[in-house]
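In the two complexes that follow, chain A is the common piece, with chain B as its partner first and chain C second.
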Partner chain A sequence: MITWLRTRIDSFLGQGDAAVTVPPMDGALSPNTRLDRADLIAQIPTPNDLAQGDATYVSSGNTVYRLNPAGAPEPFRHFAEPVTSLAAHGDQLAVGQPQHILLIHGSTQTTVPVQCPTALAFMGDTLIATQGSSTNAPAQWKHDLMQRGSSGAVWQVTPGSPPKPLATGLAWPNGIAITPDGIVIVESWRHRLIRLGQPNAVLADLPGYPARLSPAQNGWWLCIFAPRGQLVEFVLRERRYCTRMMAEIDPDNWLAPALSPPKSFLEPMMGGALRTHGFVKPWAPSNSYGLLVRLDARFRPVRSYHSRADGTRHGITAAVDLGTHVLVASHGGNAILSLEGDLP
Partner chain B sequence: MTEPLVRLTKVTKEYFGVPAIRAVDFTVLAGEVHALVGENGAGKSTLTKVMVGITAPTSGTIAVDGTTVNLRSPADALSLGLAMVFQETSLVPSMTVAQNLYLGQEHFFTRLRGMYIAAQQFLQSLNFNVDPMTPVAGLGAAQKQMVEIARAVLRKARLIIFDEPTAALTPEEKHYFFALIDRLKTSGVAVVFISHAIEEALQIADRITVLRDGEIVTTDAASSFDRASVIRAMVGRTLSDELYTRKDGQTRPPQDLVLSVQNLSMGSMVRNTSFSVYAGQVTGIFGLIGSGRTETAKVVAGVLKRNLFHGGKVSLFARAVRYRMPRQAMLDGVVYVTEDRKIEGFFEGMSIAENIFAGYLTARGPRIVSPTQMRDLASTWRDKLNIRAIDPGARVVELSGGNQQKVVVAKSLVQRPKLVIFDEPTRGVDVGAIAEIHTIIKGLADDGLAVMVISSYLPEVLNLSDRILVARQGRIVEEFAPHDATEETIMYAAVH
Partner chain C sequence: MIRDDLVRWRYRLIPNTVVGEILSKPWIDNAVPVLMLAVLLTVFGALVPNLLTLGNLGNLSQTVGEYLLMGLGLTIVVMAGGIDLSVGSVFALANLVIIALAGWAGLPMAVAIPVALLSGALIGLLNGILVGYLRLRAFLTTLVTLIVVRALVDSLLLSYSQDIGAAPIFSAFWDYLAFGTVYGMSVSFMTAVALAVAVHIVLTRLRPGWHIIAVGGSRRAAHNAGINVRRTVCLSYVASGTLAALAGVFYAARLMSLGAETGVGLEITILTAVVLGGTSLGGGRGSVVKTVLGVAIVVVVTNSLLRFNLPSGSSPLALGIILLLAVAIDVRWVKNKRKVLDQTYVAPTYFELPPLPDARRGAATPYAVNDHLATAEPIGLGLLDGPEDVILDADDNLYTGSRDGNILRLMAPDYTRVEPYVHIGGQPLGLAFDRAGNLVTCVAGMGLYMVRPNREVVKLSDETNRTVFSIIDDSRMRLADDLDIAPDGRVFFSEATIRYALHDWMIDALEGRGNGRIICYDPRDGTSRTVLPRLQFPNGICMVPDGQSFLYAETWGCRVSRYYFDGPKKGRTEVVIADLPGYPDNINRASDGTFWLAMIGMRTPAFDLSQRMPGFRRRMAMKVARDQWVFPNLNTGGVIKFDLTGQVLQSLWDGEGGSHPQVTSMREHKGWLYLGGIFNNRIGRIRLPDADQSWTSQSAYWGAPK
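Right, the complex of A and B next:
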């Protein structure tokens, strides 16, 4: 009863859970243009995930590319369905597809029945997979967000055994970090990182929608694939509006986070909020953004790399640390970037 | 040679046998602007209080126009044309400007209308834009000061002494104030002003007297001084570099996120502002008066309330909080060290120990007060923060500004806070105490506390901060790393 009353009061006053607020990008998350200044390694359409095993792999659409020693992508495998996630361990490769996961080891290929795999990580010979949603396909991530979905799960895939669920009821789990203290999972729609089996988040209230985690020296790289905005936060509270928007409007024109900057005048947020005298304001509350965050070993942000509203390298979905440099996939910028000389 | 307006000869004033000023020889010439500078406790206030009859000297003589006088009260001094404008105005807040001007000069039947007309004409003659019918409580700091000055001029003052006249003024108000000083000077009124702002003394004074430990170190034409030489005379060493230069060039890395302010709004003063504060760092906030920095800090600390509807969100250690009174914030480890210590910072009639213990009680809740515990606690904090007082049982009002500020800091730190918000921590504080307060602030961050410092003084922000946030028109508009920032870039962000 008290909870119900508090919810109503919060909703009326716009406070508590009903506060339509967005955490600031300051401190270690202060805006800069480092992603826009990063070296362009390759221009490929909508790169989705990166993986480092015996070689470095990039997924884009239905194709997995392998980067040659010069860093240029060479087609490695082509699939009938889109590749939604990647992981590599030595010569093993795990490829996520909308309906299943393919485990490829030399010429051997095994199919694991886990739907909507959004992120994969090897823990020894075991594969850990996040299932974004049990009802929506990976390409329907906007639908899942607008439905306030929380049907995601984490699966453990051991060779020769059926997949075992490690956690359920997650809001679009989208990244995995294997640590000595356990498995850390990214929950995109709740803007946080959680350690499985522990009640408190290891990092919460992020100013964007987090995506994949990848190991770095003494820390982690966290990709933020889209920013949070007050308008979208407000829309997400308005359930009837969301329902009608999903029923009547093309998803590309929804008031929702996006992976790439606006291309059409039909898209929302094209007015004065974004542009002044024809120029996109770098501080505009855009629906897409480029943000890569370096976390320390305790998952605290220490440095960040941005492509602001007026930049082009938006929708950072994956990063892989190669020691001397870091490769970054910009889905919205159709680019593989290299960060070097500017690393912590 | 013209006889000085006021001449003090071998004046000594002792409190409890301890001399506050010792054998001071001091002169004020008619129509001059004379700056009195010195560390807190140097004896500036005592010297001026002796000149206007607030305290009687223990020994020595005072001569006005060459005649030795015995000033038994401020009224005696005023009858000779000697007046003082205090840092905290002596106006009656509930009375109008005109009533305050003529306070003590009323006739048995005073026509209010006549008084207002006279006050209006008089204020206009001084070019003061103050409505005589406004209650003083509704005036800003600068306007209150104008009324104080007008009252002194109305009483035919030939010498007006100002105690820290610019401490509460905005840059624009300071400009007007300096113009007023010029006008007073032109009309033959002598002005003595106590200031910790050395640049102001150098800018507007004809002569500067430097006091140290109750003695005059030097008196000379202002043109013969520069900032470094004034400071050297004040403290006996060059503090300028120590105060406002980062020695290590290093900034502290952020630790855990302590405070997250998201889209906070409070009336027209705070408008959709967002920022974070991390443990182990000093987060400096610079902004001009009216930029909403103080109000934001006060909302965080529960002193003010944010908008009831859609007022934003404040999270402390990832927990949303909404304080309706400061004690709730204190219990959560948030303390606010006010910019207005005399009104909000301490109980002026209580001793150092009682003030510090009041902070302790706030954090611990009501309990039986043990005098021994109170004394021990005070002794610990006096040693920790180097609070200097002639008498350990002295009331806080009797302490110098720097030591008063340290009492306020001790009263806050005794609550074992996790987030300390300093608002203008060195306002009205001498250079020696500034160095000590800066050391205290840095020490808190080194100990892992989250520290916010709000300051209007750019060198202070640059020296102390690990991150510099700039507030403008009710929101945080820019963030700088100290090594990337200059005074120019910060000021540009604050005004554009």
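Right, the complex of A and C next:
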């Protein structure tokens, strides 16, 4: 009864769970054009994940590329199904696919039955895997968001024994950080980072949907694959509209976050994104955005790299720190970028 | 879907524009006092016997008359941004003066009454000079006047009240003032009503009243506009003093009393009445009607409390509490009215578009998107701002409107030289040349205008017949959009929407209702009549060469229709294209006898779905910032060629939206197609190699130039 009343009041006043407000991008997240100015390493269609072991790997569609010593990607392995996530450790490679994970070690290949692996990370010889959803495939992430899904899980995969769940009931876990104090997981739909086994979020109220975490020198890189916006927050609360949209419209044309700037006139336009005098304003509301955040060792944002509404390097899904420079995968920009130097 | 049908009927039967439109009217400020009066009359009418009987009203009418007179004066002062607390003392002074002059001195009424009024006017003038010219604080100054005049009256009464009060007044006019009735109401009441009408006319219709409101609204702005602020303020106090004195005269006639209590605390009562009515203490906002309502409320309350036999002092206490409430409500109302209006004005309704034709690249339909317009040669790039429509004259010069209210002329042959042709003031949208070579244009926010070849600007029409029962005054034109001229000289022009002005025109898309209309201006008698009401953003208009009909595009309806204004089919409307893949704008003739149609944007499945869910759009307008509302996709546009059978022959797009994301108009001229865009900073032109290289729309309409 009280919950029902609270829901009504919240909905009337637009507060609590009914609030469609979005945290602003300020402080360490103040906008800039660093991603648009970053060096282009390679033009690869929809790069999805990056991993570094003995070599550096890039996944794109059904293919895993390996960077040659000059830094250019060369096709490494081709798979029958799309690659959804990637991790490397020494000469071991873990490849996530919609229905399972492949563990590749030299010429041996084992299959681990974890569905919808969205991110992978090695902890010594054990593999930690996030399962985005137990009902939707990785490509159906928009469906999972619009269904307000929270059926994700975290699995521990030890060679020779069945996978063991570390956590369940997560809203699209999509990134992993192995820290001395435990495992930190990215929960995309709840816009936060949590440490397994602890009640409080490590980092919450992000202005976008976070994706993978990767280690940096004395800190972390956090990829934000899409921005949050008032309109999408509102649509998420309009359950009837969501249901009909999912039933009647092609996901590319939904009122939903996107990985790339508008590609078609069939995609909806928000009023502020109107092209005037030949320009789209950089601060225009947008369903896609490019954002990479540098976190310190305690997961506090210290610096950020942006590609704004008028940019193209949107949908940042992965980053890997190579010491001298950082490689960044821009899914929407079809590009592997290099950010020179991790300056303080 | 059954649910869709229910929604459609619900929105068809219950117009949801009413709340927003009523809230946008100025008279809505009276709603609070009217409601309050109604509640009070109901409550006290039930509690107090005979409160609402005629006899009681007759008794009350004398008090009401006096209060109203003083209220009118105070309203004038408050509207001018001041306050007059001395009204109670002036009232007492006039009471003393008239009794002294008429009774004790025995002067005739023709002298005594003007002198009494003059005494009030003088006190008012004193206030006016102090506040208006010497710029003292109104509150303190009139508070001092209140005390000083009161002291003067008291000391005079102390010395002379025996002598003055003993002298009787014999005058028929005096008795008439006291006991006479007009239509059953007291003379003071009828005088007050007559003066209320007069003051209302002055405040709303005459220059001095407008000056008062302007000064109250903003002293500096009024000063900058050339208004003599000091004199206006001063005169408002004179008016207040005189009216208070007049009330004092009526009081004297009624009671013939020289009590020391006369008029004590009256300023609070009157102030309560004025503020309660809704006249803002901040100045510049108020009306006589509000004061009338306020006085009625105060009289009902005081009179009813009197009948309850409450202990003395309770009536002023009640009034004080009411005054406090009134001030609080006034502040909150002013602060929040705008917010409520913003949230309630957008009133979406159910609208279902026909299935979306496939316009994707490579589609098998004639709509398939391409990049033909991306290579258009830019004209006036960076020099233009919002060239909605373009037109060329016989010498190939190019004319277009601009957002700063000019019609610009770009000189042939290279169009690099731009000159302001005329300044009109509003943004010119549609353009057309008439038979005599006059440039006729639709100007947003202004109406239909004509520019003679000697650059003289002539207003043709800015109002049409008002729709019966419309809440918004739709006789005025808010958004005249495009026009065309029939062979007989009649001008048919579209008004895109009656609910939004130019800067908000896109919001009309969220409503999905027929808010626009097509109007006919007849130059033979200078009248304008609405010929087609309730259209969904009617935009382009183009005469069909048969001289009996025209084509018009409804932007949000994604339709092109043909309307017969003459001939055997007169009055009929036929849909020519029912299901465009995007939003049509202007229509113009092509050299091969077909028509060009500009497309300002494209339909998107997500917006089309929201058109079938009006509640979704209403909540979006309430909860989401305007910048982030979902709109039709206006970042891809183009031009379509079609014939009268509705067959689409060709389409030219700017698929990436790099140079012509929204095409609002196009004009074929000597083998070129010129493109305009309301959000663009350029005009584009592309070659039409297959077109008649000598064809101009001018000669097609009016014959070869002489």
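One rule holds for everything that comes next: the second predicted complex is superposed on the first by the 337 of 344 C-alpha atoms of A that agree within 3 Å, B and C clash if a C-alpha of one lies under 4 Å from a C-alpha of the other, contacts with A are read in each partner's own complex, and residues count from 1 in each chain.
To be clear about the criterion, a contact is a pair of C-beta atoms (placed from the backbone, for glycine too) under 8 Å apart; a residue touches a chain by one contact, two chains touch by 3 or more.
Quantities reported herein were computed from a predicted structural model and do not represent experimental measurements.
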item	value
Side-by-side fit of chain B and chain C on chain A, or clash	clash
First, second, both or neither for A:Q230, with chain B first and chain C second	both
Which of chain B and chain C A:A28 touches, first, second, both or neither	first
Which of chain B and chain C A:Y241 touches, first, second, both or neither	second
Partner chain(s) touched by A:G278 [first = chain B, second = chain C, both, neither]	second
Chain B versus chain C as contact partner of A:G14, first or second or both or neither	both
Winner by number of chain A residues touched, once chain B and chain C are compared	C
Partner chain in contact with A:N253 - chain B first, chain C second, else both or neither	second
Touching partner for A:K263 - first (chain B), second (chain C), both, neither	neither
Chain B versus chain C as contact partner of A:R300, first or second or both or neither	first
Of the stretches 45-53, 63-71, 99-107 or 387-395 belonging to chain B, the one that collides with chain C	99-107
Contacts on chain A seen with chain B and repeated with chain C across the two complexes	14, 20, 230
Touching residues (chain side chain B, partner chain A) in the complex	253-257, 260-263, 274-276, 278, 308-313, 315, 318, 320, 322, 467, 469, 476, 479
Chain C partner contacts - residues on chain A that touch it in the complex	14, 20, 229-231, 234, 238, 240-241, 244-245, 248-250, 253-255, 262, 264-278, 280, 285
Complex contacts: residues of chain C adjacent to chain A	359-360, 369, 385, 506, 582, 601-602, 604-607, 609-610, 613, 616, 619-620, 623-636, 655, 657-659, 661-662, 679-682
Complex contact set, residues of chain A against chain B	13-16, 19-24, 26-28, 30, 201, 204-205, 230, 300-302
